[in-house]
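Heads up, the next two complexes both have subunit A, just with different partners, subunit B and then subunit C.
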Partner chain A sequence: MTEDVLQVFIDGVVRFFQHTDDDSVKVGTPYLSENSNPEAFDVTGIIGISGPYRGCVYFTAPKIFVKHLLLSMGEQDTRKEYIADLVGEVANTISGNARKAFGHEFMISVPVIVEGAPNSINLPKHLLSYVIPIYWKTYHSAVVICLEN
Partner chain B sequence: MIVDDSNIIRRKIERCNDHNVFFVVARASNGEEAFRQFQIHRPTVVTMDLTMPKMDGLDCIRKLVELDQNVKILVVSALSDKATGIQALKNGAQGFLCKPFSDEQLVQALLELVN
Partner chain C sequence: MFSLNLGKYRGILVSVALFLILDASVLVLNFYISFEISDDAAGVNLSGRQRMLSQRIAKSLFTLNTVEQGTEGFDAALNELRMSIDLFDETLRAFAYGGTVTGADGSQVAIAVVQDPAGSSAIEEAQKIWEPYKVKLDNLFTAVDHPFDIDPTLSAATAAALASNLKLLKYMNDLTVTLESVASSKATELRYIQTAGITMALINFFFIVGHFVRQLRDSDLVVEQARRETTEILQTVNEGLFLVDQNLIIGNQHSSKLNELLGAKQVAGEKLLSVLENIITEKDAETTRGFIELLFDGRVKEKLIGDLNPLQNVEVFISDDSGAFIAKHLKLDFARAYQDGKISHVLVTVLDITQEVVLEQELEKSRKQGESQLEMLTSLLHTHPSLLRTFLENSRRSFDKINSTLSQPSKTSAELRVKSKNIFAQIHNFKGEAAALNLEYFENSAHVMEDTLSDLVNQEELVGNDFLQFTVQLETLISYAGQVEQLANKLGQFGVDASQQPDDRAQQPVANDTPAQADDWQGLDDIVSTVAERHGKEVLLVKSGFSEIYLEPEYKQRIKELSIQLLRNAVVHGVESPIERRARNKQNAGRISIHLAKISEGEMELLVEDDGHGIDFEELREKARTLGRWKDHHIDQWSKRDIINLMFMGGVSTAAGLTLDAGRGIGMSAVKNSVKEFGGKILVTSKLGRYCRFTLTLPIISESQAMVANG
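Let's turn to the complex of A and B:
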């Protein structure tokens, strides 16, 4: 995966947080991660990718991060279902926005939500993932890109 | 009518309407549900997501326009490539708003749609 491809997703992260009431998001330096031990926080929204690129893009965050994200979007109700809904929507928005760069053949699935342990995220073991750390308010989350072409 | 598989986004769109420019008559979380709700409520304006389970937004737009050629459909989607936008317009949508969006952008897009 090239730097340009990663930049598409970094731009998507920044664009998403620009539409919250606190746009002071910071994106950390991306790093490679072994798929045998996927990066994961409390709740994760996964988008399957097909077409010229195959794999997945996911957004993973602690519940407290997502609660504050809901509030920053004007949503006062932070029930469990809405937390799951929002991580899916973040992953969907970042992946969908990537089609501007990759074209309509970059096919995205509806989100799949998983909670808890990293071993519930099944990634191809022969690939590595790029982890894009996201720092917002006092919290830490990540967008993870696992794609092959 | 608001169509989006995300409850959060449906609620966000509904909150944007705090000036009561529109009256929300129905909500749907996929294309099939939207088609059923449309037949019952016959809304004049629809906000339509594209990536949804059961029936996606592009198919749903085509089916709604078959039922009512005067329906005004604003696509509200993260799919930001030109080809998808053009296909949505070909299927009968009149506007396209890319996610993420601000309240002001949504209200402006809806007003442009009806005016």
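Let's turn to the complex of A and C:
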């Protein structure tokens, strides 16, 4: 996989936080994770990718992170559905950015929100995933990219 | 269409036509007979009037006899007589010869000649009586009009009346009865005709109903059976089947499998392209539209455009609620469907070709893998399998360590710089070991990664994202190492593994050491000769003591990394080129000794010495000046010890340029850090032009617990 492809997904997340008018978002050093033990926080928004690269990309964050993010965006309600919606929104922004960058060559599925780590079907054991930590205020979240070509 | 189906509907059409003709005939007859009956009724009325008129004539005659001439009563009776005679005569003649008469309402009524024999004979008889009777009556009027004496004519007329009146009445009565019976028989005839007509119409109706209900029921049965068969086929078939019309709308029927294949709940009646919206790219959707349009164009040959079908292999990505994505490969086939010789629809067949595609991909993958493994194999053949295995194990450990360093949260530029330096040291060690085994791919990759890290270290502001390139390189390297490992395992299976072969060196009895452990140090010879060759130098390595001390494997690996670093340093910076050596009256080949010895119960000494040109303190001082990090007067005051410290500082190198083996100034700093980590010491002794010796005092760690405690 090339950096350019990874960068598109990272930019997607950063773009989402730019929309929140809060520039305190920071990208950590990317590292690798084995799919037998996927990196995940409480809530995860997954998008499936097919085309020249196939696999999935997911944004995962602790609930408290999403709650704070909701509040900072002026949303008072931090119930479960709202949390899922916001994580879906982040996944959507990643997907939108990818669509724009890759054009029609790639097929990107609508986001699926799950609690914890994605289903193992999406993470083939023989592959490594790229984990890009995303820091916002004092919280840690991550965008994880598992693609093969 | 109508003309084609007439055959099927001929029966009903003929029946309906017959029914109508029958009805129309009955109606026409009805009209005709009812007109006749109406004519007969007029005749009956008029013949009845004749009866009345015959009596009125007699009554008027008798009145004239009783009233005096010239009175009002006489005139009235005379007028009535005159009118009655005219009317009677006119009507009787009409009955006999046909003609029109004045009706009861004063209008003219046409009368046909009476055909019935009884009727005509009554008329004939009446005429015979009427003619003389009328002559008498006409004489009376002649007398009244001239005027003569009326008495004789009145008496004659009255006498005639007395003689004819009753007869006349009888004949007129006969006529009436005859005409009535004619009319009555015609009415009966009409009833028969009507009854017959209605009966035939009813028979016709029941025939139509019976015949067509049976026909409808039969065709319904056929339709129902066909429908049931179609449904059964659509429910059972393993492909997605459906029709699309010219507007690309999917038909109302489709196979059950279609929903599953497309992952769509509602398909019937939907637009094809909206159903495929999330499955195929916009470009393919556009091509599909064009392709189907071509299929509907009868002038285009279907076979010729088959290759234009953009959906011969569509990768579909269907997500379920659990967050799982199922990738399927679908093939959509399009074929024209004809009705009455015209293209009515396009039949679309959706096939799941996942298995075929996956098999094909796997074949291709294994072919490529085979090729790359062969390539890999040739590059690995020179490496002793057990050394390779150890190398791979160590590599995995190094990668884990590098990855773990990468994953440590660090947000500031300074933290990131430290991180990049740490990783550099780790990758540098890895590179050393790869070089020791002459594994060029690994060595070159590590070198490129060092380049990436150097750029990061030199970058003014660092952010996490800057490490992306490095992480990608790391992943590529890990994946390559994985492939090499697979290959090594395969070779092991074929018995190529050295651990299964007797090895001369390993056979020697060695205290506290295993054959495999002794093997591990063989790599040092390789690295020295590789590095020496690369730098155009000749080197003789003398090695001792390595099999005498048992070390915990991971610790041993670290010691080996240190040794490699020191040996590499000795080759690159210590030993001179053969030309220089000859100039200094030395042998062409430089001599490097590496020696490991136990110096106490818990300590050992690692010594690396070369007979090269020793440390040039002045050269290092100059180097420090060019770096511009320190002030010149400070540099002037540095002692030899300070300068040696400088050698162990990151970022200072005496190498002329950057090569695979030297030039980054990280190697010695890594040595210092490791020794510090183990709680050891470094002693450097050197004589310019003669030798340089590094003596490392290190703990002996033979248990893994001890390693943890010290590490």
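Keep in mind that, in the parts below, the second predicted complex is superposed on the first by the 141 of 149 C-alpha atoms of A that agree within 3 Å, B and C clash if a C-alpha of one lies under 4 Å from a C-alpha of the other, contacts with A are read in each partner's own complex, and residues count from 1 in each chain.
Following the convention adopted for this analysis, contacts are C-beta pairs under 8 Å (C-beta built on N, C-alpha and C of every residue); 3 or more make two chains touch, one makes a residue touch a chain.
As the structure is a computational prediction, the values presented were derived from the model and not from experiment.
Asker: Once both complexes are superposed via subunit A, do subunit B and subunit C end up clashing or fitting?
Answerer: Result for subunit B and subunit C: fit.
Asker: Determine, under the contact definition given at the top, whether A:Met1 touches first (subunit B), second (subunit C), both, or neither.
Answerer: second
Asker: Can A:Phe16 be said to touch subunit B (first), subunit C (second), both, or neither?
Answerer: The answer is first: A:Phe16 touches subunit B but not subunit C.
Asker: Please work out whether A:Val110 is in contact with subunit B alone, subunit C alone, both, or neither, and reply first, second, both or neither.
Answerer: In the superposition, A:Val110 contacts both subunit B and subunit C.
Asker: Here's one for you: vertex at subunit A, rays to subunit B and subunit C, all C-alpha centres; what's the angle to the nearest 10 degrees?
Answerer: About 50 degrees between subunit B and subunit C, seen from subunit A.
Asker: Check whether A:Gly48 is in contact with subunit B, with subunit C, with both or with neither, and answer first, second, both or neither.
Answerer: Second partner only, subunit C.
Asker: Could you say whether A:Glu89 touches subunit B, subunit C, both of them, or neither, answering first, second, both or neither?
Answerer: first
Asker: May I ask you to decide whether A:Pro30 touches subunit B, subunit C, both, or neither, giving the answer as first, second, both or neither?
Answerer: second
Asker: According to the contact criterion defined above, which of subunit B and subunit C contacts more residues of subunit A?
Answerer: The partner making contact with more of subunit A's residues is C.
Asker: Looking at A:Gly74, would you say it contacts subunit B, subunit C, both, or neither? Reply first, second, both or neither.
Answerer: first
Asker: Rounded to whole Å, what minimum CA distance do you find between subunit B and subunit C in the overlaid structures?
Answerer: After superposing on chain A, subunit B and subunit C come no closer than 5 Å at C-alpha.
Asker: Is there a shared patch on subunit A that both subunit B and subunit C touch, and which residues make it up?
Answerer: In subunit A, positions 104, 109-110 sit in both the subunit B and subunit C interfaces.
Asker: So in the complex, the part of subunit C that touches subunit A is made up of which residues?
Answerer: Going through subunit C, the ones touching subunit A are 278-283, 315, 317, 319-327, 403, 406-411, 416, 419, 463-465, 467-469, 471-472, 474-475, 478-479.
Asker: Which residues, counting only subunit A, touch subunit B once they are in their complex?
Answerer: So the residues of subunit A in touch with subunit B come to 15-16, 18-19, 70, 73-75, 77, 81-82, 85-86, 88-89, 92-97, 99-100, 102-104, 106, 108-110.
Asker: Help me check something: in the complex, which residues belonging to subunit A touch subunit C?
Answerer: Contact set of subunit A toward subunit C: 1-3, 6-7, 10, 26-32, 44, 46, 48-51, 54, 56, 104-105, 107, 109-110, 112-114, 118-119, 121-122, 128, 130-133, 135, 140.
Asker: Enumerate the contact residues on subunit B facing subunit A in the complex.
Answerer: Touch residues, subunit B against subunit A: 5-9, 11-12, 15, 51-53, 77-81, 83-84, 87, 98-103.
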